[in-house]
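So, here come the structures, one by one.
First chain A sits with chain B, and in the next complex the same chain sits with chain C.
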Partner chain A sequence: MPTAFIFSLALSGLEYGLILGLMAAGLSLIYGVMGNVNTAHGTFYMLGGFLLFLFSVALGLPVPAAIAVAVIASFALGMAVIFVLPANLRIAASADDANLIMIAMLMLAIAVEYLLDMLTGGTTLPVPSLAVGAIAISHVAFTYQGIIAAVISAAVYAALAAFLRCSRIGKAIRAYAQNRELAEALGVEGSRVVALAFGIGVALAALSGVLLTPIYGVNSSSGWDMLVIAFVIVTLGGLGSLYGSLMGGVIYGIGYSLLSYYVPNYTYIILLAAIYVIIILKPTGIMGEIVEKF
Partner chain B sequence: MRNSEGARDELMVVAALVALGIAAFAVGGYITYIMMYFFAYSVFALSWDLLYSYSGQLSLGHALPFGVGAFAFALLAGALRLNPLASFAAASLVAALAGGSLGTTTLRLRPAYQGVALLVLSQVFYWFTLYRFGDEGISFPQVLGPRYVYATGMATFVVASLMVIWITNSNVGLRLAAIKDDNAAAMAIGIDVARYKILAQFLSAFMAGLGGSFYVLFTMDANYSVFSITNSFFPIAISVLGGMGSPGGVLIGGLLLTALTTFLPAVTSLAVTYLIYAATVFLVLRFYPRGLRNLLNRAGVKV
Partner chain C sequence: MSGSYAPSGEQVLQGAELAVAQINSQGGVLGHPLKIVSQDEGPTTSTAIQAAQILVTQDHVQFLIGPYWSGDVAAVMPFLYQHKVLEVLTVSAVDSFMTPPYNAYTFRVGEDDHQNALLGVAFLNMTHAGTFVYLGEDYLWTHEVYNFTLQMLPQYGVNSTLLWAAYYPGTATDYSSAIARIAATHPGAVLVYMSGENSVDFIKQYVSNPATRNIPVLLVDTPLILPSYAQSVQAAVPGGINYVFIGAPSDYVPGVTDKFFALTQEEYGYSSSIFAPDAYDAVMILAGAIQGAGTTNTTAVARAMMATDYTGPGGHVVFTPQHTPVVGYGYKTGTVYQVVIRNGAIYDERVWPPYVANFTAVNPATGQPYR
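Let's look at the complex of A and B:
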């Protein structure tokens, strides 16, 4: 096996991992603020792909504009979902509340899955790409779509990090994630922060969706695997850290890319099982407990 | 907390459902199939509720023990042609072992993570069985006469219901409830929290396995879809509709969902049916969190 080939495989994994890490960062952000795993996260990935298809193919917008509209629509939808939840469930005060939100979000996700199933008849929709074509680097194909998507992901990462570190709202989100009571005492309004963080989190999932579904297509049940992948990445990278989801995403992507060459059929299963074992042995993730959130 | 009067009314619900089962058998035809579906899924729902409402452990992938029971039965009785009743018992034990030990590995995870970790595991089984056994899974000809199948279903239903009613009204049930309400306080008064959580995992997996093996006993087919998220959704939907934490309520919820499943897909479509279910459960959770149990309580039935 030539080294150049393995290097190319790893590079392709890096590309995939960067895009997935974006979605995982959204899941992590929501966990940090709300204290529960957003079980509808994969649904927003799928919705991203569907909305892109709707706006570009059905309504005829140019692809970049359709992407922007799809992501903004997902952000608005995410905020709306929070306001539909009962007030006592918006912010989980106990483990029991967190569980109830997870059940409610799961119901929402299943309702959306079957709504789209009803509308599309379960077919896989071809989502338009930003650019058509591919180049080969030592026998590994890199689509232009994938390359552009990885670059966009890296840029969004940097922007998100800057937003959380420097802006007033970003600081409020971080403060709230680190210490709820103290942040509220300083005038941070809990339900607004939760709605905003949830909106940003699901917009990141939708962004992953609009970037990846042109490569893989989208159907009404494609959200579940993405929820599983995002969850695995977040747990692998350690909770409540932007950097952790980035690292987790890259590790997952490279692992996926290398394994899919050697054991194509069972890649996903082996990878999930292996990461599961890591999570069980080290529940705080491979980088250890991260005390400061974001 | 619960008292003997509660247990009495719950036993009456079980007795009424058994009477319904006997009546359905006397009528015969398609309705016996519906009742068998009810037996399988109400036992499945009871197993989820035992884990969630009585030890505070959320499983979003409860299709795992159900599916393991289903596939174990199909392999033992269908493919290997072993004695069907022995296979039924063995398959449920395999499900208890697999579901219980995998569930136990999630004990150390944060509460919100445990549910999703189980969902991840159920997806591993979903893809594995899809690759290994293909789209069609394992089908086999009838291994047991229809009367015996029906009797097995009813016996499973009765045994599982009585087991849950007994547990929830016993000291074990009180300890489990204490663990759910306040983990730290339960530990402080000397309850071995880990031991009881593990016990709940194994018991729940065993019951889900009973439901899964029986499901395959009467449908004579096990395929990858038993591990699907939709299948994990059913016991949650039934429990929320019926009223979480109340075995009698869960059984009534199971009856309602089974009744809907018999005609909704025929007048609409499967997608619309599931859409209605998920939306209804969301609305119940939002506006009427006590579920059907509340209606029963108002009618004077203490479940």
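Let's look at the complex of A and C:
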């Protein structure tokens, strides 16, 4: 098999992985701050696609503007979800709390799925692209939408890293994730940080949705597969690690691309088995110990 | 009905309702009106079993249309067999279920995997493809169709060589690697057996690749036959849908199918469905068998079903000893459509079987039939 072809396949996987990693980064951020796994994360991915469809097709906004509005609306929705939760559940103080939040989010995900199912009749919506067309490199197609999505993902990673490293709010989020009590003693307000982190996490999931659903389409059940993929990526990269999500996404994307070429029906089995072995060898994930939270 | 497939499930129910309304307007069966009792199959095999249990033990249903999904069919078959409930399948296509003892009370009116394979063989013949690639979602039915396809090619005198075959998980959404492999091996045609959204995901990516979009591709059991799906592909890649063919598991019967769709248009607002005609036929065949048996005893009705020779909007149904429909010219074949864009509008032109075709399959590059 020519090297150029394999390289192109890997490049295609990198493109896919960068976008998936963005969603996983949101999941990781929420876990780092709240201490629980957001089981509705795939739903927010799916909502991103629905909102883009709503704002662009139904309300007639230009696609770039519709994307911006969809992501901002998702951020606001994420914040609102946190304020609806009982105060004692916003931050998991115990395993029981974490389980309760997981169940509450799961219920939310199922309710939203059924609601959208009723509204759309279960159909897949044609979400508009930012750009139409593709180029082929060594037989592998790269759609303009996919290329733009990967570039946007990389830029958002960089912006998020800079925000968490350099801004006052970002530092507060990191401080809170690393040591809640100490951060609160220094004046960081827990409930605000949690709401903000959840809003950002949801916005990242929605951004993945608005970038990927023009390629794959979206229906009310689209979020579940993506939720599993996001779980795999954050577990691989290390829960609570932004760079880990990036690494995990890229490894997953390239692995998926190559495996689905050579052994398509065993792709998920091999990929998940390999990730299981990595987790056994390094339970904290690839980046779990060498990078501080975020 | 719930879930992503609720709209097609509704069409099954609506097809059955049209048949029941017609039968009851003519006096019912054995002098009694028919009544439909329905249950949502739900998202899992356990919900399907639960639905079957409610219908049989609480509602005392003796005759069942469905379930929809093959996995659910397999799950409820032992229960229905135990209660001697006569089941007619209109959507599930897996042939390996139709074996003794459970097929004693199970009949299939709708698509069959032999029929699905025949669609592919007809397409390869029509496009004169010297080589082809076979892709399927990794479910039992696509493996069955693969085996039947290889058996049927020499039977129908079609000289097309398989380059490679691959199966993809039902949850897959990204097919870049599969499409890259097609581009690298450049077959004469591609057969795709993916139901539901998978086929739409696949075709969007397929037509995006400049190296594959001009290779004729047949999608079997795809929602692309619905205008909104075809338009979404056309919107993603203008002109990309030019080389797409659709293999619909339902048949077209001149005069009969058109009349049926005039009725669905009037009652439900749609003039095309691969689900409603077979459900309509299932009820009509069942009613005919009950009338023929002179009793609702399901063992007697099952015997009477074997005398069926019925032509309805979904095709001509005669049962094999396995209780599946006879597949072949003059019986159940399915229909192949070529997607054609004219003045910006999308049309599904019927290109096979020859005795109902209203269009000759053309190569868009030359405007001439494939050679």
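Some points to look at:
Criterion: the second predicted complex is superposed on the first by the 277 of 294 C-alpha atoms of A that agree within 3 Å, B and C clash if a C-alpha of one lies under 4 Å from a C-alpha of the other, contacts with A are read in each partner's own complex, and residues count from 1 in each chain.
The definition used in the following text is that a residue touches a chain if its C-beta (ideal position, glycine included) is under 8 Å from a C-beta of that chain, and two chains touch if they have at least 3 such contacts.
Being a predicted model, the structure only gives us computed values, none of them experimental.
After alignment on the shared chain A, the placement of chain B and chain C results in a clash.
When the two structures are aligned on the shared chain, A:Phe44 is found in touch with neither chain B nor chain C. In the superposed pair of complexes, A:Asp117 makes contact with chain B and with chain C alike. When the two complexes are overlaid on their common chain A, residue A:Asp225 makes contact with chain B and with chain C alike. Within the superposed three-chain model, A:Tyr252 lies out of touch with both chain B and chain C [touch as defined at top].
Contacts of A:Val132 after superposition on the shared chain: chain C is touched, whereas chain B is not.
In the superposed model, A:Tyr268 makes contact with both chain B and chain C. Contact with chain C, but none with chain B, is seen for A:Leu9 once the two complexes are overlaid on the shared chain. By the touch criterion defined above, A:Thr235 lies against chain B but remains apart from chain C after alignment on the C-alpha atoms of chain A. It is stretch 135-143 of chain B, out of 135-143, 153-161 or 189-197, that runs into chain C when the two complexes are superposed. In the superposition on chain A, the residues of chain A contacted by chain B and by chain C overlap at 114, 117, 122, 225, 265, 268. Contact residues on chain A toward chain B in their complex (touch as defined above): 31, 35-37, 39, 84-86, 92, 95-96, 98-100, 102-104, 106-108, 110-111, 113-115, 117-118, 122, 224-225, 227-228, 231-232, 235, 239, 265-266, 268-269, 272-273, 276, 279-280, 283. Contact residues on chain A toward chain C in their complex (touch as defined above): 5, 8-9, 12, 16, 114, 117, 121-126, 128-129, 132-136, 138-141, 143, 214-217, 219-221, 225, 256-258, 260-261, 264-265, 267-268. Contact residues on chain C toward chain A in their complex (touch as defined above): 2-7, 138, 166-169, 171-181, 183-184, 197, 200-201, 204-205, 208-212, 223, 228-229, 231-232, 235-238.
Within the complex, the chain B residues that touch chain A are 52, 56, 58, 60, 105-106, 108-113, 115-117, 119-121, 123-124, 127-128, 131, 180, 183, 229-230, 233, 236-237, 240, 269, 271-272, 274-275, 277-279, 281-282, 285-286.
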